[in-house]
Amino acid sequence: MTEHLASFPYLSCMLLSPVVGLFILLFLKEHQRLAIRMVSLVAAGISFGLSIYTFVSYDKALGGLQFVEKYQWVKAFGITYFVGVEGMNAPLLLLTGIVIFTGVLTMWELQERVKEYFIFQLALVTGVFGVFMSYDMFFFFLFYEIAVVPMYILILIWGSTRKIYAAMKLTLYLMAGSGLIIPGILLLYSSSGLFTFNMLQLHAVQFSPWVQKLTFVLMYLGFGVLAGVWPFHTWSPVGHVAAPTAVSMLHAGVLMKLGSFAILRVAMYLCPQGFQYWAQFMGLLAATGIVYGVFVGLAQTDLKYVIGYSSVSHMGIVGLGLATGTVDGLNGAVFQMFAHGVMTALFFSAVGYIYDRTHTRDIHELGGFSKIMPVASAFFITAALCGAGVPGMASFWAELLVLIAAVKVFPIRGLFAIASLVIGALFALRVVQNTFFNEPNPKFTHFEDVSPFLGLPRMILIGFLIFFGLFPQVMVSMIKSSIVPFIQGM
Amino acid sequence: MKALFFPFTPQGVATIAFLLVVAFTVVGALIAVAARNIFHNVLGLALSLIGVAGLFLYLNSPFVALMEILIYVGAICIAICFAIMLSQPLYLPGAPRNPLKIQGAVLGAGAVFVFLALLTKKTKWVPAAERSTDWSITTIGHYLLTNYVLIFELVSLLLLVAMLGAIVNARGGRGSS
Amino acid sequence: MGFNIGSVDPLFLACFAIVALPALAFGTIMIFTWRRDNLSLGISLTCSTIPLILAWWLFFTVKGATLAEPIILQVNWMVSDAVVVPFGFHLDPVSLLMLVIVATISWLIQIYSIGYMEGDPGFARYYADLSLFGMAMLSLVSASGMVQLFISWELVGLASYLLIGFWYEKFSASEAGKKAFVVTRFGDIGFYMGLVFLLYFMKDISLFGLGIADINNIGLTQKLTEAQITLCALLIFCGVAGKSAQFPIHVWLPDAMEGPTPVSALLHSATMVAAGVYLMTRLFPFFAASATAMAVVLAISTITLILSSTIGMVARDIKQVWAYSTISQLGFMAMGLAAAGLAHGTLFAGYYHLTTHAAFKALLFLCAGVFIHHFGTNDFFVMSKDGGRKLMIPMVTVTIAALALAGIFPFSGFFSKELVLAQLWHLDNKLWVGLGLFGAFLTAYYTFRVIFVLLFPRPDDHPAWQTYYVREEVAGHGHGAHGHEEEEAHGSHGHGGHGDHHGVPWVMAFPLIVLAGFTLVLGFMQTRIEKFLLGESHPHELNYLLLVLAVGCALGGIGMAWLDWGRARANWSGFLSKFPMLENFFIQKWYMDHFWRWFLNTVIYGTFSRIFTYNDRRVVDGGVDAVALGTIGSGRLLSFIQTAFLQLNLLFMVLVLAGVGIYLLMGR
Amino acid sequence: MLVFNQLETYLYLALILFAIGLYGVLARRNLIAVLISVELILNAAMINFMAFNRFVAPHPAVGQVIALFIMAVAAAEAAIGLSIIIAVYRKLKAINVEQATELRG
Amino acid sequence: MTMLLFGPELYFLLVALVLFFFSLRRTPKVKADHTVATVLALVGFLVAVACIGQKGELFFKAYRVDLFSQIFKAALALGLFLVFMISRNLAGIEERLHAEFYLFLTTCTLGMMMLVSSVELLTIYVSLELSSYSLYILVPMRRGDDIDVEAGIKYLFIGAVSSGFMLFGLSYIFGATHSTYLTDIIPKMPELLASPIGLVGVLLSLAGFFFKLSVFPFHFWAPDVYQGGANQVVTFIATASKAAAVALVLRIAALGAGAGYDFAQALVILSIISMTLGNLVAIIQKDFKRMLAYSSIAHAGYVLIGILAFNEAGYSSAVYYALAYLIMNFTVFMVLNEVARDGRDLKIAELAGLYHRSPLLSMSLILGIFALAGVPPSIGFTGKLLLFTSAMNQGYFLLVLIGAVNGTISLYYYLRVIYAAYFIKGEGLPPIQLSWPTKMLNYALCATILFFGVAPDSIIELARAAVRTVL
């Protein structure tokens, strides 16, 4: 892959902006709420802006790795700080920018331990940015863990429903995944004989088949936990339910993508033969997840559980796309990562608003919310429709690409995946009907609708969903510019 | 025929004496661990240590043998006796033995013994190519003040620490200062 | 992407404007003006008037587009690797005609709705949804590729969902919306699978725009086997069945009447449900390539025809009757197309019936809407009692439309139905035409049941009312009883109960008149339309036997209806009451709703969902928790090594050391 | 070869002493008896050193010096051990090792 | 010049002397003692740092001063200084014994300093005993409960038996190699390890060192001593003493480098059992210190991973980890000491409300705990990854896998600590006031944990250079 050095450290700025924000927050006092929020917003905003900038100014014709920054870090172990942007991670950086920016806005009304909250959130985001832009496995993994662990505290302190259990379960489960990833990474490192963590250099090495098979399955399972691959998904609904709004947004929206992105970026990239060997298995798990998620979601009564299971299903689509190993499938998978990220963020953002007021998420107890909060409901309904795969939204295209690719590679599994879309629709509409339609619950009629300011983050999310729904080519050509060489390199 | 008279040869006497020393050592050790009366244990230990000192004589080290008696029998055993007197009265009956524990101990000790004995039997010990025959006490003193001077100092520090520690720990009831 | 306006074909721009303007209206109203009714109305009307004009302009000006050689204007929408999705327009007579129909009817409905929806709190939203629907439907009609068509198809479903569930506070409405969406989705997924399978079978992936023209040539260019084509055709027919409410997934359509009546008129009679048939027409050569598929389609559409006609005979809600008649007529259209496919005929018969049906069915619904609006009830018996026939314009127009529906000369329905029957006649097996005629008979019967009841109100003490009440009990939870609940529900939305002013506002009357005009005229346009569509007109040799049979059946049906419902001594019981079991079977709608309800509750929720959920909680999650608990438990277990007894610890230490030693020496 | 002139004799002897000491450590309840047993173990090691010194070592002074140091260390150990045992007695009113069972798990 | 090589040791000997005189005073002067001891320890640390560059041999080659030893001496001095710093509230020990407390810690440090420099078996043995005996004395010095003497007696006897084993093993090594100098022994090592008795000799000798490191099965003292000892004493045992033990084991285990597969496998097994056992049992602990004891057993297992790689990378990562462990474990213990100012045993649940009582401490706690758990960006994470890397390079795949999975298990109990500190509301507990040196200490520790976690290069290079002098 060609590397084009950055003229200005855009990526480092994107990465460090939350860190700097975090350190500034450390010196603010808890009662300076507005300053805390503003600092977080600015920090997130800078990252958001830079992510848009890199997305827009990435030269698709030139291709390869752009905005590259490379510094030697630990010589003895061959660790370098190596970041860059290419077609497949630019959308995800953008996604992270979107979600963190809207996430900060969503949590604007937070009253409890504001300073700490934003500190941890910014720490988490740093990790996420880092994972998406790192091309050195050490930093990749470092950031990966940074992204996972603050979750524990975020859920524990600001969460709700069964948060203690959920926080513990989520963190441990994900760390158990890391427990499989570390040996995988190190196995590659040691068997390459190069003493480098640089992924591009490792990619050039022909690993022996068994190393590839072993490493791939370790990484697939390890990262798969975070990606919500069935049957390692159970932390995700529980975790989403317990997490505070913006954390759910980040978590379902961005963090789960870390897992699937890592499968693509590390596991598939470095162990192509391993991937060939396990592709059928991946496809099977993914298809099961797709079907499974919707059926379980049908029986849920908690709004966030419903979304959680829809995430399982949607992440199954990502997994299925990855498993196909074709350009279309991978395009679709990355597109779906982006689309699902924005969509789920919107979902949680909408639910969060309602929950903050009513303190219930039981779909039977709610009801008629379209009457009480037409705007808030519209946000949710939009997300639900997007989740049901209604065209005009970004996720439709992603699903289309994945499903077409999947049927070509795994006809039966692909069919099941398509068939589950019916249940997916039933699933989404059931929730919408119960929550937003029918007679309003008189307990909640006095609540105000979303104010324009709080509506802003949701509008941004919807805007992105629809923009990429109408102009999918913007995204697809971007992704494709790196997927095509990626497939050739396999 | 020669065997009949063996005990009366110098080697024979030495052997018999050696066996006696061994018996002292082993029996003493057995008393030290097996007797139920703690006082008998101490006496057994003293007996055993005297035996060990005898062994040291056979190993050409009268000086160390002397030291053994001096330090161990003289100092340590006496210290133990004091400790016995300062602690539990002797007339109190001990609790009955726990056969399971005894069995476990026999098993552990026996396993180690059998294991090491087998190894010892298998091993061929090679003497050093050049062996000095300098057994004089002077050399020991010389060594103590050259090669082992650091340890010598260290041991003195160690003894100081031990002494202080013993005082600190054993000094009258806590909180009654 | 990126349009460079200067270099773009004006034709493309015109088509684009037709599609884009309503979308723009939808977006603008939803985001900005949803609190302002009049502004929204203005935007929506503007954005439907311009497409209307453009559609007519295209209809008259685009020459040279034929079925064989359509004008295709497209740009790439999305280019992945093998998947290339174009965005564009496929202009040929079929799509041009349909564009006009859709544009016109939706414009008329928008006008009509000004009156009908006046004062509704969701007025702006209503217009936004209508715009969305317009955009989707226009795009569906003119799409150049299957993916674009599918997208529009789904958007149509979405708009329909939003409009059916428009009064979302009402449980039955939101339930009906959900049902409509999910059930049609069921069909759509078949459609989706059909497309994907088509791709799967076509190894040559370069073709993957899935252009409509490509698909129609697929049998020739791609060398697909007949079995493959059959499979794909049937799967795509699932989509048709879903949208056009064919058996067994027709169940959503009657429920869809929960939406405002103009919506029923627009979506569930003229346009959306016609989309299925339109798709079949669109892909007629493709469908025709598989005789098996056509036979199945024929069978299904025939079942649909009979089923819905029989249910229509016992329905009590005027909209229900029209809904079932819609289903039956859709069955009729599909029959026409299938028969044509089997007998190597043309698509004209089915498509022509679609055209005429669009006009008279919209008219029927709009008339019903006026009645409902006026009397605040859906039950036509009550309307009749309250003096329904005093509303002149609707009464006249509804009668015209009913005559057309029944297939009476010279109304448009007569001509198109005749053509369909003629197609059936060409089949070797005369059973099909027999069933078609039977369907025509039933159609005439139930249509005129309504008309006669409305025309000849009975005084309150008339014995017919006895039957009415008795049957109300029989119907139980049927729609007859439902109507009254609805009445109250509607009342709360402030558009019912306009008892104080008689007569019909002009915004509502105007569309009725226009549509009545169409109903009268269209029949005589047969040759011209055929010429427009096919490029040539085949002079039909008149099959007098069939003509007589058809008219006979229609008249027989009307006569029967007169005997049962019209004449003064009629006791409103119908001939069906002689067969109570059969009647009950019809009242229960052939138990299809029960079946689906059972299917959903027992199979989906009760079995799959429950099993999966149980598995998720107990097995998968339980497994995880068990591992965690097991870890903690093993910690507890291991902690017993750390006894308080010093010597046990020492013993353990010694034994482990010995063990390690033995291990090391075993290796030697 | 005379029995006292053989390295193995001493090694076995040391082993016996070691095993007896180990047994005492493992079996005795009385803390002082345990301490006595530990002394036996140290003595066993000492015999080993002396024996090796006598039979194999290049310089005979080394082993003796080692033995001397071990003695010193043992004395220190005994002092500390006894002082702690006395402390135990003072607090627990017993020198039975099985009565010191507060810490577990 | 020679004396300069012996600088740190001499200095601490002097300090011990000064403190000895303090202990002779009739009336204790708690504050003065603390101040003097701390200042002296700080100076000692500076002296040790100043002597880092020293190189040479002393005492007839029984004592080697090289980078490796000097680094550990500096670390030990640092550990001592840190422990003295947090001994301002030495509530766990009677006032009249405070001077002795400082004294014995100093002698212990002295012993350990000699330990890391010794290259002669007997010197190792005696200095090991010096450091151990100081601790044997310190543990039962605690005020209050009966558990301190129980812990003391267990510590003593397990230590005595271990050192008995070690001595017995050393005797065999002596018999087989005819020398007590490591320089003489190392060349003979392959031959020694080839003979069964030599192998057993090495194994038995390892007992004593493993005891110090609390590796399974010589770990039994750790939980009891951690719980029973005074908090400051335990802090020392858990930090400085561990670092010395690592240095020692590194030196000795390096002997086994040529032993081949079986020996390494035995260490692998011990390492695996150590970390698994430690982590599993730590889960169910309620007492904070006891939990940390089990965690230290697990960490001993981790360190072994680096050691049994038997190469430069492995040793240097072990050194890195030992230094890191000193810092991170100290951080946690510092918090513990500050929370349990009255010197009591702290239950994990008693950390409740720490966030409200002192945000600074809770921040230190969270960083320390995350570092222990191996969460980035902390020294613990980097250290662990380096250990795993070096082991993997030697082909220990399964070991790394189990180690990594163990990391997950350990997270459970570490998170419980954070849970207690951050989540449980401490009703009615007063805020904890920190003195300014403690505050500075907090900041310094946090900064160290983060900085060297993110930029470990300098430390790694140092560790490499140090290890090269040992090999």
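Chains: A, B, C, D and E, in written order; residue numbering restarts at 1 for each.
We adopt the following convention: a residue touches a chain if its C-beta (ideal position, glycine included) is under 8 Å from a C-beta of that chain, and two chains touch if they have at least 3 such contacts.
What you are looking at is a predicted structure, and each value in this text was computed from that prediction instead of being measured.
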item: Contact-graph distance - origin chain A, target chain B; value: 2
item: Path length in steps (a step moves to a chain that is touched) from chain D to chain E; value: 1
item: Nearest-to-centre chain - CA centroid comparison; value: A
item: Far-end chain from chain A, centres as C-alpha averages; value: B
item: Chains most often in contact, by C-beta pairs; value: B-D
item: Farthest-lying chain, centroid of Cα atoms versus that of chain D; value: C
item: Euclidean distance of C-alpha centroids - chain C vs chain D, Å; value: 96
item: Whole-Å gap separating chain B and chain C, where each centre is the average of the chain's CA atoms; value: 102
item: Whole-Å gap between the CA centroids of chain B and chain E; value: 33
item: Rounded Å distance between chain A and chain C, as computed from the means of their C-alpha atoms; value: 37
item: For chain E, residues that touch 2 or more chains besides their own; value: 122, 126, 129, 133, 136-137, 140, 152-154, 157, 161, 165, 175, 178, 196, 200, 223, 281, 284, 412
item: Overlap residues in chain B, where contacts from two or more other chains coincide; value: 101, 104-105, 108-109, 112, 115-116, 119-120, 125, 128, 148, 151, 155, 158, 161-162, 165, 168-169, 174
item: Residues of chain D touching at least two other chains; value: 18, 21-22, 25-27, 35, 51-52, 56-58, 62, 65, 69, 73, 76-77, 80, 84-85, 87, 97-98, 100-103, 105
item: Touching pairs among all chains present in the structure; value: A-C, A-E, B-C, B-D, B-E, C-D, C-E, D-E
item: Partner chain A, residues of chain C touching it in the complex; value: 1, 30, 34, 76-83, 85, 147, 150-152, 154-155, 158, 161, 165, 168-171, 173-175, 177-178, 181-182, 185-186, 189, 192-193, 196-197, 199-200, 604-605, 608-610, 612-613, 616, 620-621, 623-625, 628
item: Touch list for chain B against partner chain C, complex; value: 101, 104-105, 107-109, 111-112, 115, 119
item: Of all residues in chain D, those that touch chain B in their complex; value: 2-4, 7-8, 10-13, 15-30, 32-33, 35-37, 39-40, 43, 46-47, 50-62, 64-65, 67-69, 71-80, 82-87, 89-90, 94-96, 98
item: Chain E - residues contacting chain B, complex; value: 13, 16, 20, 23, 58-60, 62-63, 94, 96-97, 100, 103-104, 107, 110-111, 114, 122-123, 126-127, 129-130, 133-134, 136-137, 140-141, 143, 152, 175-176, 178, 195-197, 200
item: Residues of chain D touching chain E in the complex; value: 14, 18, 21-22, 25, 31, 34-35, 38, 41-42, 44-45, 48-49, 51-52, 56-58, 62-63, 65-66, 69-70, 73, 76-77, 80-81, 84-85, 87-88, 91-92, 97, 100-103, 105
